[in-house]
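Here is the structure we will look at.
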Amino acid sequence: MKALVTGFEPFAEHPHNPSQAVLALLPERVGGLELVRATLPVDTERVRPILKGLYREHQPAVALHLGLAAGRPLVCLERLAVNLLEFDLPDNGGHLLQGTPVLPEGPLALLTRLPLRAIQARWKEAGIPSTVSNSAGLYLCNQVMYLALAWLPPGVPAGFIHLPPDETLALARPQAYVPLKTQAQAVVLALEEVQKSIPPGP
Amino acid sequence: MKALVTGFEPFAEHPHNPSQAVLALLPERVGGLELVRATLPVDTERVRPILKGLYREHQPAVALHLGLAAGRPLVCLERLAVNLLEFDLPDNGGHLLQGTPVLPEGPLALLTRLPLRAIQARWKEAGIPSTVSNSAGLYLCNQVMYLALAWLPPGVPAGFIHLPPDETLALARPQAYVPLKTQAQAVVLALEEVQKSIPPGP
Amino acid sequence: MKALVTGFEPFAEHPHNPSQAVLALLPERVGGLELVRATLPVDTERVRPILKGLYREHQPAVALHLGLAAGRPLVCLERLAVNLLEFDLPDNGGHLLQGTPVLPEGPLALLTRLPLRAIQARWKEAGIPSTVSNSAGLYLCNQVMYLALAWLPPGVPAGFIHLPPDETLALARPQAYVPLKTQAQAVVLALEEVQKSIPPGP
Amino acid sequence: MKALVTGFEPFAEHPHNPSQAVLALLPERVGGLELVRATLPVDTERVRPILKGLYREHQPAVALHLGLAAGRPLVCLERLAVNLLEFDLPDNGGHLLQGTPVLPEGPLALLTRLPLRAIQARWKEAGIPSTVSNSAGLYLCNQVMYLALAWLPPGVPAGFIHLPPDETLALARPQAYVPLKTQAQAVVLALEEVQKSIPPGP
């Protein structure tokens, strides 16, 4: 069973992206899950076929997508994705979308398929504070979360975790951060809880 | 040679004080310095004789005072102490001072005797983001910093570090935090840099 | 044609609610709209029949619901409501809901029926900075917004505006605020823009 | 009797400076004070002779210096100035000072000569929330405040008020703001209170 874990490349004024950097700190396997890591482009056009290709190639049993939330101080579970793209700043490909749906025929919103409370409880046990967010924004993070929930079969746990700045970003500009090592630990614990939530196969 | 390191007890709406909790994570010695740890009361009257007693008893070669800055996300070196007590909320003894000098005959401000830049550079090497603050407030933290700089001989390095919330506080109420273990590491590294700055004895 | 404008009573640690106070500063009419003002209880059970009663009695052509967003510094248009109640703190009736739908048979999310861009442009002309939010939370504000969009006929413009603290709150505890008079002006301008968006009757 | 009121030109990433813009909204006279308005350069070298020249030419009975504090949401009275220049970013003249005193022979800190409590009380009466700050930073604002307190005769009330972003800045980038008109009102009320505090002449 494969777990696809993705981060994003740097974008906007952020010279570094913890969601990419954290991938290198993850182990090869978490319990029975073999990890497949990928860095996604912050390009609303290019990310689409790349994500579809990753799902086709790996047929993941779990999809955990990660991204940077520059203004949030804690690891943050996203509750839902919205069928709307509305950018405050152009993506790395120069696209500046306003009022564009992610999938024209899709529902307005889709609910995470990660076990939010179990993950939060596990993090708490490990001394990792977190929040649950009701908005993943309307940028690339929300797009990837929406596509994951729309494209992957309903039985596949999928969702999005926003990561806070790490020490690399906070050393460059003073701001709240969580050490990258703690962020990696949070991802591993989340994967363990997700695995527990997978219904047994036939 | 003794290094006195103090924290404060919990106060106001904070059920836990990282500056107290961090003391238990410090080693017995840092380089040639023997650590003497003490938790100070958040009581503007009581803290005075207790601090004087600690200085008399231990004749410290270094005094590093620690306190919680609840709204600041990073470890924070204080640059100066002001000869004024002005409380927004009563201390644990119920005192609510307004416009009271720390020492009636003292100068308006006193400069830290910690090597701020050396400590920040050392922290940066270790991946610990920090800030330098130009105000330690006008509450107990500033009082202790002022008293340290006024009472200890000029050759004794002395100063104040504000610590951010730790995971215990951020688990109780979501907010920016730095893991207590990282805070302890920052204190140890600061002591190492302070020791380098001590002029050799006769 | 009637426009129903509602605010909320004070709740939690807020001794005053700008969304209630602003009602008294609104004129009797805005263009062709006769204003009906009501203060709603912060009680998830009681608010339901009261809202239903207001809609039945007044058959409003416009429903503009207002609430306080204590941590947001600007007037804020909400984009969508979610079919979920999840309270961090009990409401004024002591209810503490977790994972409860607003309407068991309803869709996961409903889109505002206010002309967001026209309102923001109008505010900008008047020198009133604002934001558009993608989450009205999962408390009473979101509940009322969801009920409005679910219960009112599709042709009735309806939506939610979060108001920032006003001077009364910021005088009691220093925080970002917008003068209540400016908030009232924003509500009037929003109603003017909503009225322009109403399709002509038969 | 003349009151000198100064603001600063735009600097760093701020295309507009409320402390400059507010000058145009002030009346010619406040009570018995004739207002002299000046915009100062954000240049640590050039500001010095310009300020000295203004003091010489106008022999002001009151000096009220204003500046922008981009991250603070309220009008803010400064309590003290520090004899130190330490820049995080170059000034408009390209100077980047570290550890330079404002006046080599001056004391470490100087206390404001504005009646802080009377001004805050007056603002409160007028519905204008405010804070008192214990640090004016170590940039141009602090330099001008220090020079005012060092150069003007002790009997001349002098001090510094930090202004928050106004609507022009908050329309360009969403952030907490206070309407410029309210900021102008605050300056006028402060001048009225300062005037009351001037000791009668011989």
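We just call them A, B, C and D in the order they show up, numbering each chain from 1.
To be clear about the criterion, contacts are C-beta pairs under 8 Å (C-beta built on N, C-alpha and C of every residue); 3 or more make two chains touch, one makes a residue touch a chain.
Everything quoted here is computed from the prediction, not taken from an experiment.
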What are the chains that chain A and chain C both touch? none
Repeat of B-D among A-C, A-B or C-D, where over half of the residue-numbered contact pairs coincide, is which pair? A-C
Sort the other chains by how far their Cα centres are from that of chain C and give me the top one. B
Express in whole angstrom the distance between the two chain centres, defined as the mean CA positions of chain A and chain B. 39
Averaging only over C-alpha atoms, locate the centres of chain A and chain D and give their separation in whole Å. 46
By the touch rule stated above, which residues of chain B touch at least two different other chains? none
Graph of touching chains, which shape: line, ring, star, complete, other? ring
Okay, what are all the chain pairs that touch? A-B, A-C, B-D, C-D
State the interface residues of chain B toward chain A in the complex, per the touch definition above. 73-74, 124, 127-131, 167, 170-171, 174-179, 182
The residues of chain C that touch chain A in their complex are 79-80, 82, 84, 107-111, 133-135, 137-138
